[in-house]
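See the structures that follow.
In what comes next, chain A is part of two complexes: it sits with chain B in the first one and with chain C in the second one.
For the complex of A and B:
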């Protein structure tokens, strides 16, 4: 709770800055609500169960009428594909989710990892967007409003999981492309997402985030040899709605294990907190300087009137 | 133009000399008081115009194709590098180099250092054009540039740093327009407007200081949204905005030195003695300011290193890049400035200023582009992006020169107090069509 009010305070700070600088803008907007919803939904992905069949990719593609992929979904060779720069496949303008294959050093069974938006509790895509295009819904989804997006791509810079993609190929209506937790057609009705439902391995569990954490802990406790003792997403960047269990160290399957525990917005608070101070102190400070300078000028002018006149005109 | 002036032509720099008191027509003003033939022939003689023409012949079609075929046509369409050169150079480099306006404004209007007045207008214009073209680059980069006003009127995200940047750049742009309009009013002969601007100059300047402090810093704060993506040597949770703000001070001052040097070399005919005679002394003065800014910047960079305990990174190849940037852009200029100030070596100070400007550009590119995604992979900008950036920069230089040739920036407009009133009335009364085209130019 303390956190929330701090956020609000910061938001008010920037808002104040703007109001101050444009002189009397109406302050009739609401600060964005950024709390993680306690009864939000989530998904627990168990990497030990995933066999890399791409069924989830296909299901998502069908659910959202996305363009047909370059390689059909039964072509599993793409799982090893790397782009020209050595990076694994990632979400792009035609895929909300992708599965990649990782070879594990010292083991001959590869591990597969599905990636999509993790639906952060305090999403940095949301907090960084200057037109407030993102919403964290009560159900836990982070959804995007294509009507207001300007296309600055700040959210792509800000997302620590490299999730949002941009439809660069469109000239007239390029938009952010991102998994929306199947919000409109499923989540609002309490149904699990298409990818979760389609998975033949039941590698994913859909449920309340709190329950999922309990399930995750349970699995780790029952089979401590099978799992790494960590639920990825429980704490990372303030917690995410989609979380992962893994049998191998997370960094070996493409997770960033160096992420901070605090939400990304907390890095920005130093600057945001400074804004109202500059607004309050600067005008007085510089008016003071100006008056000092004026005074000096007058004194100097009084001292040697003729000389000074020419110089300081 | 140089040659014409040598042969006795006086470039237009005030009301038409007596005996005939006819005010200049707008066309005459545009042509610098030359005949159309003379004007064109001097333009064709200038080799720089040919270079610019070649660049634009290549560049303009690429710019047009960006808007017809979308961003993907001229960039790598990278989802990992959402920001390329357009913002990396256009926004993150142009804005600090345009801090000159608020710095010199503060020096003259707030601190009352009227001896800097002869260079103040140049600094203001430099600031205005820098911001203007930063917005042009932004328009090239935005996926839907026609939605640029959205953060102002359609949907507000007031907790976002970019929101603050957007608002501030927009307001500051108007502040700078007002500041520079003083010279424009002199040129068109509307002295009431000029007097009004003079009266509110202090207010404008103070607004400029506040807005500049905040958005220069905000550009740095943008990167605190991507803590793991920018290399730790270029990143700091707490200090990022301080780095950006602090380095914008030497950047802005040195930009004025560099620009004034180029002007002195290539456009001497346009400067009056007030500008030329004071320039060397003011350059040293600016150099003093810049070196103080650089020393502060260097100190907080070191504090940043120590605070986040990043010494180990210095031994990596990233450390090499960092070392090069700091050495070339900060340490060497500090030493050169110190020497040149002591021994009054203006040429050396100018060289140091150039180094500083390049150093800041390198710093911003490093932060936004080169070290971005440092543990992912590196990507060089697409050729289309480079062409567009160079073309827009060429247009920037052409506009810059166009204004310097005409507006009383480098010279003092010769006022004839008696004619003042007449100047106000006649052009608008007799030549309505010209006042119209005048509106277009100012828009």
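For the complex of A and C:
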């Protein structure tokens, strides 16, 4: 085993730098592929099993001591509630999860869809937050620290699933509120989220994300006529901890199927990576240009004066 | 701690009850009613009319899939189990865990990576999907409280004291849709 000589080391370094600047420029600036934490937990929601009983909503409300809802949780008419523009119910400051009912064209049976934070592998709420109020924990949860939040609502804009809500009812200290995967009170103690435990149908499976993907694929393979051949959240925006199986096309039950496969941050990571470079190089570069230009002007002015002197002689 | 103790007692009660039931079945002395109290926290126990259900289904296997003396009928089961004897446990509990998402269950499921039945529902899921699946297809009652009546704690969980529809709630505010 020959020791690497200093010369060889430097030569390799230079060669590497050259190769990097030629071939590897694209990959150097591209976003690194994060697959989430390898031991991250997740939940697989099977829409074919949901019966729209709202027990998950009730359990969530109790678990987090949320304000009482306008209607009791056994009032199933709210499942069909739509706002003036036809939008279904959404998560808000008093509900971290909601179930909506969707009528499927050409089918007698409605489909119910539970929504909550999907706990992305690379959360755009987190990357949009300039005070670092968000954390993606090793357990897979995307949690949020209200002590740090300044209430700018950037995360609400950034979230591709429109999940973070705002406590508009609070005049003095409005904060962001969202599902936290029952992180503090359950997940860290090895327990499933309250909604998962409460679901009578076991429409949700709790486990490691990798295992859930295997279960999801197995269900599709086992009953290909029952399921759409897609696990929503496996790839969407870089993958999410909460994923869905459906028996009807996902766009018919309120999912955005146009979302990119890459994490949202990938759209700006290259650009943002260039910002420090621009800040460091551009001032020196343009000062140089400026000085060169000025020097030329000065020289030209000096030449001009020399000429004038010559003429007057 | 107390909750855990209570849960353990519940589980023990379940086990004791189902083991009794198993003995009954092998003696061809089927129970007329079965008390199911897995959701005793929020609902009163269900007095399941076993004899009535025996009268209306074709075979025991409709509910107790490959148990209770009836071989497997689902063709996806018979691919492997066509010559398998009916297995001895009759109680759902013997295979379907009451706590399918506890850390122990999650890890034991994942440790045995070569096990075929990795997607086995827990007890509550098995009951509801089995019962409700039939109730939906056969037009039987499907409301939650058609089968189990809620107790006081259940009422408070579902905020049943709120009036429907659109009762104004003094506490909390918010709660509307955007």
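One rule holds in what follows: the second predicted complex is superposed on the first by the 258 of 313 C-alpha atoms of A that agree within 3 Å, B and C clash if a C-alpha of one lies under 4 Å from a C-alpha of the other, contacts with A are read in each partner's own complex, and residues count from 1 in each chain.
Please note the rule applied: contacts are C-beta pairs under 8 Å (C-beta built on N, C-alpha and C of every residue); 3 or more make two chains touch, one makes a residue touch a chain.
Here the structure is a predicted model, which is why all the values come from computation and not from measurement.
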| item | value |
| --- | --- |
| Chain A: partner with more touched residues, chain B or chain C | B |
| A:127 touches, of chain B and chain C: first, second, both or neither? | first |
| Partner chain(s) touched by A:168 [first = chain B, second = chain C, both, neither] | both |
| Which superposed partner A:293 touches (first chain B, second chain C, both, neither) | first |
| Partner chain in contact with A:259 - chain B first, chain C second, else both or neither | first |
| Partner chain in contact with A:270 - chain B first, chain C second, else both or neither | first |
| Chain B versus chain C as contact partner of A:90, first or second or both or neither | both |
| Partner chain in contact with A:280 - chain B first, chain C second, else both or neither | neither |
| First, second, both or neither for A:218, with chain B first and chain C second | second |
| Interface residues of chain A shared between complexes with chain B and chain C | 87, 90, 92, 165, 168-169 |
| Residue ranges of chain A in contact with chain B within the complex | 7, 10-11, 14-15, 17-18, 21-22, 29, 31-32, 34, 85-87, 90-92, 124, 127-133, 145, 148-154, 156-158, 160, 162, 164-166, 168-175, 256, 258-260, 264-265, 267-268, 270-272, 274-275, 278-279, 282-283, 286-287, 289-290, 293-294, 296-297, 311-313 |
| Contact footprint of chain C on chain A as seen in their complex | 49, 51, 53, 55, 58-59, 61-62, 66-75, 77, 81, 83, 87, 89-90, 92-95, 165, 167-169, 190-192, 196-197, 199-202, 205-208, 211, 214-215, 218-219, 222 |
| Contacting residues of chain C [partner chain A, same complex] | 39, 76, 100-103, 106, 109-110, 118-119, 121-122, 124-125, 128-129, 132, 142, 144-145, 157-162, 164-169, 171-178 |
| Parts of chain B lying in touch with chain A, wherever the complex brings them together | 67-73, 75, 77, 79-80, 82-83, 106, 109-115, 117, 141-145, 147-148, 150-151, 154-168, 171, 202, 206-207, 209-211, 213-214, 217-218, 220-222, 224-229, 237-238, 240-241, 376-379 |
